[in-house]
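Below you'll find the structure I mean.
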Amino acid sequence: MQERMTGRVKEILSWYEADSPGTRANLYRLLMTGTLAGTGKLVILPVDQGFEHGPARSFAKNPAGYDPEYHFQLAIEAGCNAYAAPLGFIETCAARYAGQIPLILKLNNSDSLSKLGGAPISAVTASVKEAVRLGCSAIGYTIYPGSDARNAQYEALRALTEEAKAHGLVVVVWSYPRGTGISKEGETAVDIAAYAAQIACQLGAHIVKVKPPKMMVEHPEAKKVYEEQKIPIGTLAERVRHVVQSSFNGKRIVIFSGGEAKGTEQLLEEIKGIKEGGGFGSIMGRNAFQRPKAEALKLLADVMKIYAT
Amino acid sequence: MQERMTGRVKEILSWYEADSPGTRANLYRLLMTGTLAGTGKLVILPVDQGFEHGPARSFAKNPAGYDPEYHFQLAIEAGCNAYAAPLGFIETCAARYAGQIPLILKLNNSDSLSKLGGAPISAVTASVKEAVRLGCSAIGYTIYPGSDARNAQYEALRALTEEAKAHGLVVVVWSYPRGTGISKEGETAVDIAAYAAQIACQLGAHIVKVKPPKMMVEHPEAKKVYEEQKIPIGTLAERVRHVVQSSFNGKRIVIFSGGEAKGTEQLLEEIKGIKEGGGFGSIMGRNAFQRPKAEALKLLADVMKIYAT
Amino acid sequence: MQERMTGRVKEILSWYEADSPGTRANLYRLLMTGTLAGTGKLVILPVDQGFEHGPARSFAKNPAGYDPEYHFQLAIEAGCNAYAAPLGFIETCAARYAGQIPLILKLNNSDSLSKLGGAPISAVTASVKEAVRLGCSAIGYTIYPGSDARNAQYEALRALTEEAKAHGLVVVVWSYPRGTGISKEGETAVDIAAYAAQIACQLGAHIVKVKPPKMMVEHPEAKKVYEEQKIPIGTLAERVRHVVQSSFNGKRIVIFSGGEAKGTEQLLEEIKGIKEGGGFGSIMGRNAFQRPKAEALKLLADVMKIYAT
Amino acid sequence: MQERMTGRVKEILSWYEADSPGTRANLYRLLMTGTLAGTGKLVILPVDQGFEHGPARSFAKNPAGYDPEYHFQLAIEAGCNAYAAPLGFIETCAARYAGQIPLILKLNNSDSLSKLGGAPISAVTASVKEAVRLGCSAIGYTIYPGSDARNAQYEALRALTEEAKAHGLVVVVWSYPRGTGISKEGETAVDIAAYAAQIACQLGAHIVKVKPPKMMVEHPEAKKVYEEQKIPIGTLAERVRHVVQSSFNGKRIVIFSGGEAKGTEQLLEEIKGIKEGGGFGSIMGRNAFQRPKAEALKLLADVMKIYAT
Amino acid sequence: MQERMTGRVKEILSWYEADSPGTRANLYRLLMTGTLAGTGKLVILPVDQGFEHGPARSFAKNPAGYDPEYHFQLAIEAGCNAYAAPLGFIETCAARYAGQIPLILKLNNSDSLSKLGGAPISAVTASVKEAVRLGCSAIGYTIYPGSDARNAQYEALRALTEEAKAHGLVVVVWSYPRGTGISKEGETAVDIAAYAAQIACQLGAHIVKVKPPKMMVEHPEAKKVYEEQKIPIGTLAERVRHVVQSSFNGKRIVIFSGGEAKGTEQLLEEIKGIKEGGGFGSIMGRNAFQRPKAEALKLLADVMKIYAT
């Protein structure tokens, strides 16, 4: 962790005045680590696909990734702000790399082996106590707004958030709308993405992660407002700006996922849009760890360059 | 908080003798803050629509409202008795405005993204412990009498109420009948509103919030009694009086919501009815924060003038 | 509370030897308060109809009853052994009338606004801790034997009973059979009433409340036994005697409710039957508080006279 | 409790070496009380029929049984090893007869008033804490292997067993197969009875109670094994021997219930079979307390004579 | 436990650096006990079939197995690394054989008597606290990935894992895919087995047990990857190697079950495949305890010989 506190980081920390010094110290660590330290931007490496999609689909393309140690090294060498993973992956190397990079322990996960009826909900697979034991800076939790099981998820998150804050941890919420209330197409509609960010913020998240919003408004009642108020949503930058505004007028950190592995050009284009719209950064998994290491380091460096300028 | 204890406030506090000094101190704060301090009347600013309806539908009309700080400032400048909001909105500014206005932490909330089958129930999104940590004077909780899931709600409220009282907090209950036991039309029928107020009082609420009752009696068995006993329900004032009587003969504070944004004339007319019927005040959200600030301040001042006279 | 311990009260207390001095002291208070003090008989005023049927249906007939204070005064002036009500009604006046009459806090309640599917179950609306805080002598809890949800009720009661006894409180159980196992008619059949009393006693109740049993045997297997053993059930007195015998051969206090408001003659006739059959008393709500006060006091005095002789 | 420790009791206690001295002391009490003290055999009086079948069906035949005191006296006078009953029956007399006979508190019970859908499960009606408070030597718990709700039952029993052992109590499990996995006929098939005993033992029971097994094999896969291995099941003694073997090769105490009231001859014949097969004794309710006292004492003495020889 | 620490054991322990000394000491015990001590390989005797399939089907073939003591002796004499069983079997002999062999307490179990609808889930039948009391080195827990009830299982395991680690115990997870997400055939497909191992590792297991994988890929999306990346799955050794790689690149111990009793030749062939593929050993129940003792000892010795070379 480098020591070069900046005005921007100070400003960001000022939005979290209600938090304990412990939590603010961990936020500081997240903002002051790696290549983007001090810029107020973040690039995070998340690796939960082994759990979510299975090992072969996640790691066969770049078999070094079967080994949990690989991802610690990749995140550190690439100068990421943090590394996020489920319990097992974190636990295997947390002692060896203790303190070298802020860790985000993913507290819930879903696999692709069962159907679980219609209401999406992940299993809680780790705890705040484990995050503390393993020296993590933050917990991560995924909610599915739009799921008929969303009450159980909000209530579990609420309890974990309270416990995490009481232990000086940062709370990162993956807010992924899906379920009976939303069309498949509409899951990344701009109104839905903005609403998902708002919900996570209201639930007390310090950092929110959403998918890049599409030019589409899902809910008819929202549509009326977007048209009446002429909210600009034509470009990705405009849509990102709207999501940032919906995150307490930018007073909560909101970052964007990359989604499926894709071409480098297309990906960097997207990053530029996020940066232009005032997004706080990216969380980039498959696009990083499924490439050969040298290629991944190059890509992450390019992404960081965009955010740093 | 101004120091000008009045006979009326003393009388109101005398109904809460079973409560701890801590809770009575917070009730005192609610009754002795802002323009209406000492009158025994309250006007409260609630802002949970970001969670309930989404950010654009709530704030696009007056974009200053995207920022949580705006609402703290609006409530303070307008001379409201208190400001009510979910965890995220409260947390972002609780430190900066500590002590400047009594805060009501909304402990449960619902979004518009899922259907959740047929039985209305909100998710618990904050806790008494968080209310204490953030320096709040009260907790807020919404029940839906008439919902098939009402037992879970009453039981959750019961536990939160006990905990809140043990921590010196005030309990504010939003009592909104809906569900299979009531027709859509009948949700604001006068018998239903009176019953909803009674239930909240019996559950131990210090302050009850209901919607202004309509001239309609929903339940056939109640209808018989209203006719036999010639209970007057022709005017809003009469209906409000009946609701106040149903709130332990006026020994519990019962206030009324404004509902959807509406015209100023119509709104002030409604306030006059509430005041004439002996209502203890209003809780006014969209009608306040969706107007430009100056207009909102003017409206709130007019409302308070009615209650003050 | 008058100090004139009698042989009968001593005998009754001897059945509760396994209880703590605290619980026995509260049983003593219930048996040594009011007009019937020392007789081993009880007349209790219960007012939970505001919650169960709504305020207008409960109080419009005698509007003094909207005020929680009215019922405290009525119970004290009438010389009742105790006053039973939900949290809100008790809390509003518990401080003002502290110690003047034993209080029974009703820990669960049901309203008439929802359908809740087919299995009757009340919501838990107060706690043992609240009963202790408010200076109550006893808790009250309603079970519905015959309900498909009876397991949840028995288990909740079990836990509350254990906690109440550990805090020196008395446990009063309203045992009202209803649900898929019983016909509507059969809810007050003599075999069902006796069984309901037995269940409450086995669950550890100190005082059991059932409805006056009708001359009807519901269950075919029970019918065989009633006929073979020639159990007399022709008069109310005989049926009450059977219920008392079914309450551990009379070693548990069993009292009877009055049910719907009815004519004075009919009501006093019923009381005579209960008294003759060895019943321990009555719990009388609507028949008392829906009459004008003077009339109610007269009626309660007449009822007590019957029990006292 | 008589002091005449025998080699057989020493041997039995040696199978429970993992238990605390407290639990072993209570096992000792059960084995060293009454007529069969020291023989390693047990005859226990259980009276939960008031709860399970209702008071009239249980006690009208011999009305002395309405009184809880009767059963304490019967068990003591008959020289039983222990008396088992639900909370209410135990509580009424536990103080008066403290120490005179080991008590088994039945922690769950079922009544005949509801249907509860298709999955048999009893309600938890008492606790380990109550067993300790009332000076009991053991807890009793009924499981229904074969029920779709068996997981909830095994898990509740698991927790109660752990708590009971931590408090020095003995655990007695009534293992009664029923539910969708078993035909009505097959509930007492020999393979099912043996399996039921095995499950109770694996769950950590000290004493298991099953019904006398019939000459029938229920499950096809078991049938194959019974035929291949030529397991003898032609006589009751052979079937009992198989059940005892299935109870950890006889290293867990397994006793048998008498079931419905029946003729004396038939009953004593059954006892002889159990004794010959190596069963540890009987638990005999209706056959005892529904007879006139003198007759019941004679019958129990005859039963004990068979076991003692 | 022999004292001859080896380089391989040191290497294995280095993967568990995040664990407490207590847990690592128990891992050491598991790796340093019996014939394979120091080799980094394990052969474990598990006996839960009495619970899972019933006593006759499990033990009639070799009736010595009805007695819990037999299995302790078999495991010790055969030089196994550990013995695994449910509560009852462990409890009966844990004191007599204290310290002579590492014990794994199976914390959940399923019987064959009920259907439980469609979602496979075992009952929790023992606890970490009991494992500690009985001097066990590890807990065992079975999950069914692919079951619609998998969330409840992952969450229960998560809590037990945390508690076990806090008490210095090792966590062994039986990962058996079944349920609506997987065809019956596909339960042991190589992609499913690898995924099952990955899930158990991510949930924090120290040791994972799966079934030997078949040459078949179940999921279409996985199939694409297996073909594209040309993952070799033609021989058992190749498939085992893939499963080991999927267990954090071999940094978690993964062992294989033998399944149904089978011929000796076939079984030893399978062991050779597991050994060649880098598997860490076997868990062998019915193939051991259903043979006469001498035969079982010979077989286990032959198995160990294969692993030792």
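To keep things simple, chains are lettered A, B, C, D and E as they appear, and every chain counts its residues starting from 1.
Please note the rule applied: a residue touches a chain if its C-beta (ideal position, glycine included) is under 8 Å from a C-beta of that chain, and two chains touch if they have at least 3 such contacts.
What you see is a predicted model; the values in this text were computed from it and never measured.
Counting the residue numbers used at the interface between subunit A and subunit B, under half appear in both copies, so the two copies meet with largely different residues. Centroids of subunit C and subunit D (each the mean of its C-alpha atoms) stand 36 Å apart. Note: centroid distance subunit C to subunit E, computed from Cα atoms, is 58 Å. Counting only residues that touch two or more partner chains, subunit C has none. Taken as a contact graph, with one node per protein chain and an edge wherever two chains touch, the assembly forms a single closed ring in which every chain touches exactly two others. Ring order, beginning with subunit A and continuing to subunit B: A, B, C, D, E. In the complex of the two chains, the subunit C residues touching subunit D come out as 15, 17-18, 145-148, 150-151, 154-155, 158-159, 162, 177, 179-182, 191-192, 194-195, 197-199, 201-205, 219, 221-222, 225-226, 228-229, 231, 242, 245-246, 248-249, 251-252.
In the complex of the two chains, the subunit C residues touching subunit B come out as 50-51, 53-57, 60-61, 63, 66-69, 86-89, 91-92, 94-96, 109, 111-117, 121-127, 129-130, 133-134.
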